[in-house]
Each structure stands twice: as C-alpha cells, then as structure tokens.
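Two complexes follow with chain A in common, the first pairing it with chain B and the second with chain C.
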Partner chain A sequence: MALIGSTRRSRATRVPPVVLAFVLIPLLAEAFWVFWPALQGFYLSLTSWDGLAAPKFVGLGNYSEMVHDAVFRTAAINTVLWLLLFGGLSAALGLGAAMLLQKERRGIGFYRAALFLPVVFSLVATALVWQAMYQPDGLINNVLEAVGLGGWKHAWLADQDTAFYAVIVPALWRQVGYVMVLYLAGLKGIDPALYEAAKVDGASRWQQFRFVTLPQLRSVNAVVLSVIVIDSLRSFDVVWALTRGGPYHSSELLSTYMYSTAFQSLRLGYGSALAVVIFVLAFGVIVSYLVRAFREAD
Partner chain B sequence: MTATHATAHSEDTESKAGPAEVVAPRRSWLHSRKLRTTGFHLTASLLSALWLLPIVLVLITSTRTFDDIAAHGVGSWPHSFTFDSFRQAWVDGGQQRALINSMLVTIPTVALSLGLASMAAFALSRYDMPFRRVLLLLMLGGNLLPPQILLIPVSKLSEVLGIYDQLYALIGVQVGFGVGFYVFVLHGFMRSIPGEIQQAAVIDGAGPWQIYWRIILPLARPALAALTALSFTWIFNDLLWAITVLRTDTQMPITASLIGLQGQYVSMWNVIAAGSVIAAAPTVAVFLRFQRHFVAGLNLGAVK
Partner chain C sequence: MTAFNATRRRFLIGTGAVGAGALLSSCVTQSPSASGGKSGGPVTLQSNLSSPQAKTAMEQIVAAFGKRGDTKAQLNTVASETFRTQLPTYLTSANPPDAYTWYPGSVAESYAKKDLLLELDDIWTKPELAGYSDALKKLCTSASSGKKVFVPTSYYWWGMFYRKSNFAKWGVQEPKTWDEFLDLCDKLKSKGVAPIGLGAGGDTPWVASAWFDYLNIRVNGATYHRELLAGKHRFDDPEVRKVFDKWDEARPYFDPNGTAIPFQDATTALLQGRTGMMLIGTFFADAAPKDALGDLDFFQFPIIDPKVPVAEEAPTDGYFASARTKRADGVKELLRYLATAESQELYIKSSSGTVLPTHPDAKDAGTPLVAKGRKLVESAAEITQFFNRDSSDALQPTADTALVHYLAKPKEIGSILTTWQRSAQKIWSQ
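Moving on to the complex of A and B:
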C-alpha cells in the first residue's frame, strides 16, 4: 500500500495532455451517443411528438395518460411478474446447477458447457428454436400426447393464458447457464475450512448450505441480483420474436410496448415516457451497482 | 477470482485411497460413494440432455424437407434429409448478406470500443486524473441505462447526421453505449499492474503512448481477450439497436434478418431452423474456441 502511495505521488506531478485525450475521446463518444440522447429522452417524455412536426410540450400529460391506459397496466404488471419469475427462477436454477456442478470431476466440463451453450445464442435464435417446439404439431404437444397428457395440449403462443409463460421459458433456458457461471466462481471462492468446521460441529448438508454457503455467497448474490434486474428490464428480443407482445397484449412488457408505441404507432412522446418508467424501475439497481463499483474502484 | 481448484479434488483422491485397508465399514462407505457418483452422473447427464435437446432439434429440423414437415408435423421424427434449407436461407432468405453486415458491424465495433476503452482505462488507472472515480462511474453508469430511454433520440440523431439506415450508425451507437462497461473492467485489471514497471519505463524516457502500447496493453491481454470474446457475442447478437437505426432489409445484421426470415417463410420451419443455425454458428465457434476467456469475461464484469 505504502509503495503504491508513493508511486501515486510521483505520478501526480502532472497529467500529460495526450493522457487527457485518452480519456476525453471515449468520454465524448459516450456523451454523444448516450448522455446527450438520454437527456433528450427525458425531455421528449414531456412532449407530444409524431417525429415530423416539432415536439409539442405537454408537461406531465403522457404520465397522466398512463394511469388510464389498460395496456400500460398489463405491460407494467407483466414486467414485474417477469422480473420475479424470470429473475427468481434463473437465480434459483443457476445456483442449483452451480451446486450440482461445482466439484471438479470427470465429465464436469461437458455438463457445464451443455448448460452454458445457450448463453451464446442470440435471443432471436433462441426464440425461433422454441417457436417450432411450441407449434400445435410441435414437440411439446407431441410429448404431452405420448405420455397421456393430451388434454394439456395448447397452441402455447397463441393462447392468452399461456403466451407469457411460454415466452419466459426460452429466456430462462438461455439465462440459467450465465447465472451458473457467476455462482460457480462464487462457490470456488468459499474457504473449504468453513465446511470442515461445520462438519466437525455436526452440521447437516442443509445446515451447511444455509449457514455457510448462502452467507458466503452474499456478494455474488448482489451481483446476480443486479444482472437479473437489468437484464429483465431490457428483455425485448425474445418477446418481440415470439409474440410481439400479443395475443391481445397478454405477453406485453414495458420494453415491447415502448418500442411499438414509438416506432409503429409513432407516438414518440408517449414512448419516451414509457422509457422513463423503465428507467425509474432500473434506477435503484443502477445506483446500488455504482455504489459497489465506487467502493471497488479505490 | 480464479480461486483454487484444489478444494474439489480432496474428496475424490480420498476415495481412491487404496483397497489394501478395506474393512467392512469402509467398504459400505465406498459403495455408497459409488452410488452417489452414479446418481450425480445420471442427474447431470439428464439435465445436459434436456438443455441440449432444443439444439439437437433445430439441427434435425434444418435438415428436413418442407414436404416432410408439412406431412408429419414439425415435432415428428425426420423422414428426410437435405441441406437445401440452408441454401434457401442463405441465398433466397438473404442470410449471406445479413451475415456480412453483421461482421461489418461487429468486428470494427469490437476493435474500436476495446481500443478506446483501453486508452481511457489506461489513463484513469495509471495517472492521477482529476475526478478519476467520478469519470469512471459516469462512464459505467451510461452503460447501465436501459437502452429504451435512448432509442428515440438515437434514431433521430442518426437521421440528423445523415447516417440513418447505414451501418455506421449502428457501429457508432454500439461503441458509445458499450465503451463505459469495458473501461470499467479494464480499469480494474490495469490498476493491479505494479507501478514499478511503469516507473522503470519513465526513467528510460518512454512517453505515455509508449507506456500504453508497449507495456500496459500487452500486460492487459488476458482481460482484453476475455472482453473480446464477450463483446463479440453481445454485439453480434444485438437486435434492438439494429432495428432502431436501420430500416432497409439489405442493411440488417443477422439477428434482425432472422425476424425477417420468420415473416417471409411462415411455417417453413426447415428454413427458419437453418437460418437460426447460421445465425448461431459464429458465436458458438467463438465460444468453443475461447471458452476459458468467455467464462472469465463474464466473471470479470461482475462487480463484487
């Protein structure tokens, strides 16, 4: 530490201009494509705009319209449900898979790779793979028929009652491997002496999990939580590719509703307001992520 | 981050401890151990099979003929084998053009964003910049924003710049949006490089550019490799930015063109499956080739 401190001081004499440029160029690129558009986005949410004439300032009109918008309510509820279901299940299944596959042994590399492989697919490709399985004459219905559950057969994506859940499954299939990798790294970091001590104290496997593993994974849990919340609120591709939010908005998320409002109905002001709602939902997680990053950056 | 592998081995070696001292309780313990191992492999291979099933299925579907699918249903056993669907997706479905577009976007974007990010990370981690932490968090914060808030302004911005519907717009926004995250990860990595190396170079009369190019960048290679593998798949798999700043079918990258294929070849599952295989092949290749970097990258990005 002392050494680093002293090198810091000797470096502190002055920052050469070229080094300043090293920071400023990327910063300007980000300011141009992200910060400036983001500010515009907030402003546009206070306007009514068709993209052609000049935006008309309407104050909070877009937000008060949301209160009476049934589709918005569906999309908001679905987004929260998506967050809980997609988030909760991918965390639970990811942790489960990591627990199962944590020990280095023969064949483990294959099992891990199998679970991880879908992570590298685009969500669109993932969606198309599952779309074929969901067809009325597709694999899922055939399997149900074969095991005597023919009564459960569905047009999974065309049915209002099942479309939302049918869309979650492919998203989960792709996310579990990712969460597993994060948990595998976390599990590796746990000091084995803790388990030895727990065993000496006569702890059962469940108690070891409850009182050693889970507390030790606290920092990884925080990571997984932020990854999941940010990913959930960004979820768009898989829904767009499978149902476009339909049928009758039953699988609509705020992200898909925002996109169709803005780029298909060309209601750019209202679309911006929907985007601000997504931002507000994500805000807490973004801040907590930045706070952790801030501590780490020192 | 790269913690011990040692913990995992201890129990296994114990079980191979040697049959010489096998006594009754030891034998039953060994027996239950073997049962447990079998149980593990059974569970794990069932799980893997379940996970791989959709992939196997799409491969099978892509090699069936349309007549076969129409007659027996998309979920039946295959009664035909052909590679014609790949030709249809590749030539008639425009996947060839789309894959070229994807590469034209992905490769410059990866190079440009990692180049810019490594410069910023170098400056922020190796010099006492004023407002160092604020700048770092500002850049990271931009990357954490939900893209939805940017979509409308970015599409208008590219219209104003006269690059709407051109691949430059997609490259621009992908670089701008991604760079903050890469800066953050690379900063964390470069900070751990000892200061003495840099001091020695300064004494030898090296300027900042030489220190960056000759010393820090080569030392940061593991992090750069991990981020390259990761960012390649992210950018290649993107849909949202592409359909925001592009409009013409011939400009679309592969993910967006898959959606076009889906509309064009309704219920021709063989062509759609072939298209999905084509779209997934490059990232799968990157993953299989750079698996270690890939997994390392995911963990690098995780702020503890």
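Moving on to the complex of A and C:
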C-alpha cells in the first residue's frame, strides 16, 4: 500500500533531474569508491592471493587458519586490551580534564590548548619523538638515572614486557585532548539550573556528578564511544612507527598484523580475512551500542 | 537564468562523463591486454635509492643519459619501504613505470616466473654487457625461461667492520678463526667495551639476518643455505640448530642494546668506540661522517669449519624493466647506458663510493678499504646475496621475528625454530 502510494505521489510531483543527479552521483561515487572495494575485500578474504597471480578461491580456509594461528590470538587479545586500556583511560582522563577545565578562568584557554595540541600533530611525527625518548640512551632512561632510579632503566620498545604499554602512552597522550574537547562541548550544553536545583536539594559534589552530569552527557557518550572504538580498532600508525608490532609480535594489534600479512608477507587473502574480522568487531560494537541507546531513548 | 541553467546542466553532464571515464579506466586495470598510456615521452625510472647521496647520484646519471641522445629518462625516487610494498602493484598495472631499481636472483625470479619482466637477451650481447662475468650472467638469467631479465650495475660486501684507531688503542688484531674471534671478544669485554654491535632494533630488524646467513654458510655451507631458504630443508632441522649453537658462543659478547637500536644508531656507537665491531654491509658508510671513513676497516667473518668452501655475502644491485612497458626500445637504451663503465663510475663518484661496479673496466673508488673488499669477494668460492634476496621479501619478516626472539630468549630456541618453520611454510606454500 505504502509503495503504491509513494509511486502515485512521485508521479504527481516529478523529481527535478538536478535533485536526482545530486542524489545519484554521490551514490555512484560512494558505491564505486567504498562499497565495491569493501565487497571485493570480502571476496578476497575467501581466496589465497599473492598480489601477482590470479586469486585462488579457498572458501573459508583463511578463517579456519585463523583459529589455529597463535599470532592472531595474541593480536586479538592485544586489541581487546588496547580497546579497554586506551579506550577506558582516554574516556576517563578526557572527562577528568574536561571537568577540571570547564569553568571559565583566567588562562584556562592556555591549558585547554596545551592538552589539545597533540591532536594537531601527525601521529607518525609524534611517534618518532616518543621513539627518541624511549631509546636506551634517550630522555626517559636519562631522567630515571638522574633521579636515582637507574635500576629501572629499560629498552622500553625492545622488551616484550614493556613494548605494548610503551606504545599505548603516546596514543593516549594524543587521544585525551580529543576526548576532552568532546566532553567540554557536552558540559557546556548542560543547563546550569539543574546544578542549582541539585544544590538546593543538598546534593554533594559527587552526587551532582553522578546524578546530573553523567546522565546529561549521555548523547556525548555515544559519540565518544564510537570515536574510541573506531580509533582503537584502526590504531595502526603509532604502533607501526614505534615497534611494527614487535618484538616478536608482543605489541601486535589486529591492524598491524593485517598490514604485515598483506603487504610484507604478501598473503593478501589472509590479510583481507583479518580486515573482515576487524570490520565485524568495529561494526558489532557500535551497532549494539546504538541499538541500546535508541531503545533507551524510546 | 537560462544561461545559468545550461551551464549547470553542462557541468553535471561533465561530472557524469568524468565518473564514467573513471569507471572505464578501472576496467582497463583489470585487463592486461588493454593499452592505456602513450608510447612517447621519457622513460620512467622508479628508484628506491632515497638516501641523499644516492639520490643525487641517480639524478646526475639520469641527466647525463638525457644529454647523450634523443631518449630522455625521468627519475621517480620513492621511499624504500613504499617502493617494496608497491612493486607488485607497479608491475601488474596496465600502465606501469618502465624501469626499476631492484635485485637479481630469486627476488627477480619471482616476477619473471609470472612474465612480468622485460626480456633483455638482446642487450646482453651488446658491447656494454658482453664483458660481464659469467657469474653475473648466471645471476641475471631467469631459471624458468632461460632469458636474461636483469642488468646489474654494482655490488657490495658484508664484513666485520671496526675502527683502526680503536683496535690500535685496545691493542687487538683482526682474528682469522672462530676461536681467535671469541678471544678478541673476551679481550674487548674485559676493557669495558661491548664487543659486537648489532643494530637490529627500530625499523631495521633484518640486520640480524646477516648473522644467521654468515653462521649458516660457515657451518653448513652456501649450498645448504640456499636450499634452506628455498624451502628444501626445514628451519627445525638439526643443521639449523647447529647454527644457533655457534651463535650461543658469541651471544654473550653482543651489545645488550643490539635489538633496541636501528643500525644507524649502532653505527654511531661503533664510531664512538662504545662497541668494538659490527657485522654490516658497506651501505652503513652512508651514515658515517666523511672524516671517519678513512679510519674504517673490516675483517672477513671468521672461518668456523675449514672444510666448508668459503662463501661471502655480496649482494648485487641493478635494474629490471616491466614486460608491459610501452617504450621497450627506450628502456633498453637506458639499461645499456646504466651498464656502461661511464655511468657506474659517475654513480660511485657522486655517492659514498663504497660499492663496486659490475662493469669489468669501470674503476672503483680506489681506497684501500674498497680494494680489500674487492679481494674478499673475488677470492670467495661462492657468493650469497642476503636472506631476502636469496629467498623472498615475504620470508624476511619470519626471520626477523625468529632472530629477535632468539636474541631476547635464547633458551626458547626449540620452539622459536618450530614457529619459524610454520610461518615459513605459509610463505613457501602460496
């Protein structure tokens, strides 16, 4: 019924060709540059391909290989750990920084700018600076030596026990400023009357935070969560620039493992299968959150 | 108003046409037979020689080639990591760059097998290349087609490099045998110097493969080494285990930061006397200050088993061309020029000058260091290239992981070799 209705209506009011063009051309471009390659990626994940000869169809062979692949397991666990540590800490620290810096005071702009500054830098350039600091005779070890903690000196990026965490720190350093800006915008949008009402009711500072600020930030939280999940799963540049997933896969993420299997080992089929897994993970997390958020909104 | 409408409509039609054009051209990349580019214009030379000295040298060669005749060449210098990952894409595209810097042997063979390289038999009979040694002829011939596919222009050698002034200060001499070598390490360690620098950290983990290569060709011989890398033996075989038993004897003398710093930093440590010596190729001299060059010397990797024929690691560099080039005649002219003594001497003069030319009449830099290097390579019974060049670029990361793991956790060597074999199997089987 609805369909018939809509056809009749469209016949009645003809869509001007210009409007059609404005809809169809971007759709074509999107289909050609985004959907088609994505579909090809799915197809490649079912093949064995070295980039030179024609891809050989292997069915779900790549996915069953994944089940027995110890490096994949390490990379998957690291990715989850990265999501929790990088995501959790950047959300918590970003919110904390936003709370601290939300009141307009003299010179507050300087502090906000300082925290936001790392976002402006290219992550690869950032990583190179941190790499110099992590060197065996770099800044961090020299400072440790100077304050009498010479025993803590470490080859931070070359030790399998510290490499992963040493890579998270620069990534966090950057992300905190970004999340802070998102939360600052959210905090600005909260009606001050709510706080006054809470104060009248005798709410403590913690209660104000728990029962006014947090619920009011719900819509910002959705944005922050999407940003964090996407940024975590696509985290690649900082890890690649600092350790290339090494030493011996100890700081490997799914994204770096995908890159190295596809473009270093030239196993493009298996690399595509890894990319599909990353896609499913990112898509799954975000969709499930959005569905829940919409249901609550209803 | 109507005029405005008309132009807008024309604009939209134009956009549509551009979109359709993009669609069509994408179809072209799918079918190799379609002809995309025009056959005129300069010959494009894709180069991965991006270090400042080498890049300048290449620019001068291309300029000199352009002055000789009608054919001109255009140099595209690409960062080496990008070049390596993009090379399969270049070669399989419908309208590829014409000529490339790269390596002969099994690396070139992997492309020649798939008919992606231009056959060069005719230019190998020309005066520029006719005098090249038989070893080079063999190296540049594809095993699958029997045709020549490569033009070599230079080679260099690997050795145990040190500073003459430091060895004199510490009162030590070059060792010949493995035992003398271990004695030397002992002496240096007692003087508070880290005897062996490595530089397998950062983005140069592949440097560690030099140790694997050399220990393997000294313990098991070059033939076994090549077969192992081609997948005819296994990394968890007892022969390979023997390599690591020998490595265990030298491992205590390695710089503890060996896997934490890249070879450029390890070079600095060597020049500053914080490490005693370093197994490295002559390319490291590009990172050394000019005044230190005269103080550098090297010795041959010590002999372990005198019964094993002496092999040395001496990688050859040069050029190949795409089979799909539209300018085959121009490319061949360029490759012939690159094979001349004149262009090779020009390259040596403009770069750090530690490579050796492949043309028999071309003069090298003439320093005592280069003369010693030439003697080392010429007296070797067999030549190996390097881990990736004797196998494939795809196998190299498996070695990097295994060797860095071994240097950090030497006791786990058993499981490391099992894992290495498993990941190598995946590369060989595809």
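Keep this in mind: the second predicted complex is superposed on the first by the 273 of 298 C-alpha atoms of A that agree within 3 Å, B and C clash if a C-alpha of one lies under 4 Å from a C-alpha of the other, contacts with A are read in each partner's own complex, and residues count from 1 in each chain.
In this section, a residue touches a chain if its C-beta (ideal position, glycine included) is under 8 Å from a C-beta of that chain, and two chains touch if they have at least 3 such contacts.
Note that the structure is predicted; figures quoted are calculated from it, not measured.
Colleague: Contacts for A:139 in the overlay, against chain B (first) and chain C (second): which applies, first, second, both or neither?
Modeller: First partner only, chain B.
Colleague: Identify the partner contact of A:247: answer first if only chain B is touched, second if only chain C is, both if each is, neither if none is.
Modeller: A:247: touches chain C, not chain B.
Colleague: Contacts for A:157 in the overlay, against chain B (first) and chain C (second): which applies, first, second, both or neither?
Modeller: Once the two structures are laid over each other on A, A:157 reaches chain C alone.
Colleague: With both structures superposed, pick whichever of chain B and chain C touches the larger number of chain A residues.
Modeller: Residues of chain A touched, chain B against chain C: more for B.
Colleague: Contact-wise, after the overlay, does A:260 reach chain B, chain C, both or neither (first, second, both, neither)?
Modeller: second
Colleague: Counting only touches as set out at the top, which of chain B and chain C does A:48 meet: first, second, both, neither?
Modeller: A:48 sits against chain C, while chain B stays out of touch.
Colleague: Using the touch definition from the top, say if A:110 reaches chain B (first), chain C (second), both or neither.
Modeller: After superposition on chain A, A:110 lies in contact with chain B alone.
Colleague: Looking at the overlay, what does A:102 touch: chain B (first), chain C (second), both, or neither?
Modeller: In the superposition, A:102 touches chain B alone.
Colleague: Report, in rising order, the residues of chain A that make contact with chain B in one complex and with chain C in the other.
Modeller: 18, 25, 29, 32, 51, 131, 135, 263
Colleague: Once bound in the complex, which stretches of chain C touch chain A?
Modeller: 8, 12, 15-16, 19, 22-23, 26, 85, 88-89, 91-92, 110-111, 114, 116, 201-203, 205, 256-257, 259-261, 265, 393-394, 396-398, 400-402, 404-405, 408, 419, 423, 426-427, 430
Colleague: Spell out the residues on chain A that touch chain B in their complex, using ranges where they run on.
Modeller: By the definition above, chain A touches chain B via 3-4, 7-8, 10-12, 15-16, 18-20, 22-23, 25-27, 29-30, 32-38, 40-42, 44, 51, 97, 100-105, 107-108, 110-111, 113-118, 120-125, 128-133, 135, 137-142, 173, 177-178, 181-182, 185, 188-189, 192, 219-220, 222-223, 226-227, 230, 233-234, 236-237, 240-241, 254-255, 258-259, 262-263, 268, 271-272, 274-276, 278-279, 282, 286, 289-290, 292-294, 296-298.
Colleague: Which of the residues in chain B end up touching chain A in this complex?
Modeller: 1, 3-5, 7-12, 37, 40-41, 43-45, 47-48, 51-52, 54-55, 57-58, 61, 73-76, 116-117, 119-120, 122-124, 126-130, 133, 135-157, 172-173, 175-177, 179-180, 183-184, 187-188, 195-196, 198-199, 207-209, 212, 233, 236-240, 243-244, 254-256, 258-259, 262, 267, 269, 272-273, 275-276, 279-280, 283-284, 286-287, 291, 294-295, 298-299, 302-304
Colleague: Taking the complex as given, what residues does chain A use to touch chain C?
Modeller: Residues in contact with chain C: 18, 21, 25, 28-29, 32, 48, 50-53, 70-71, 131, 135-136, 155, 157-160, 244, 246-249, 260, 263-267.
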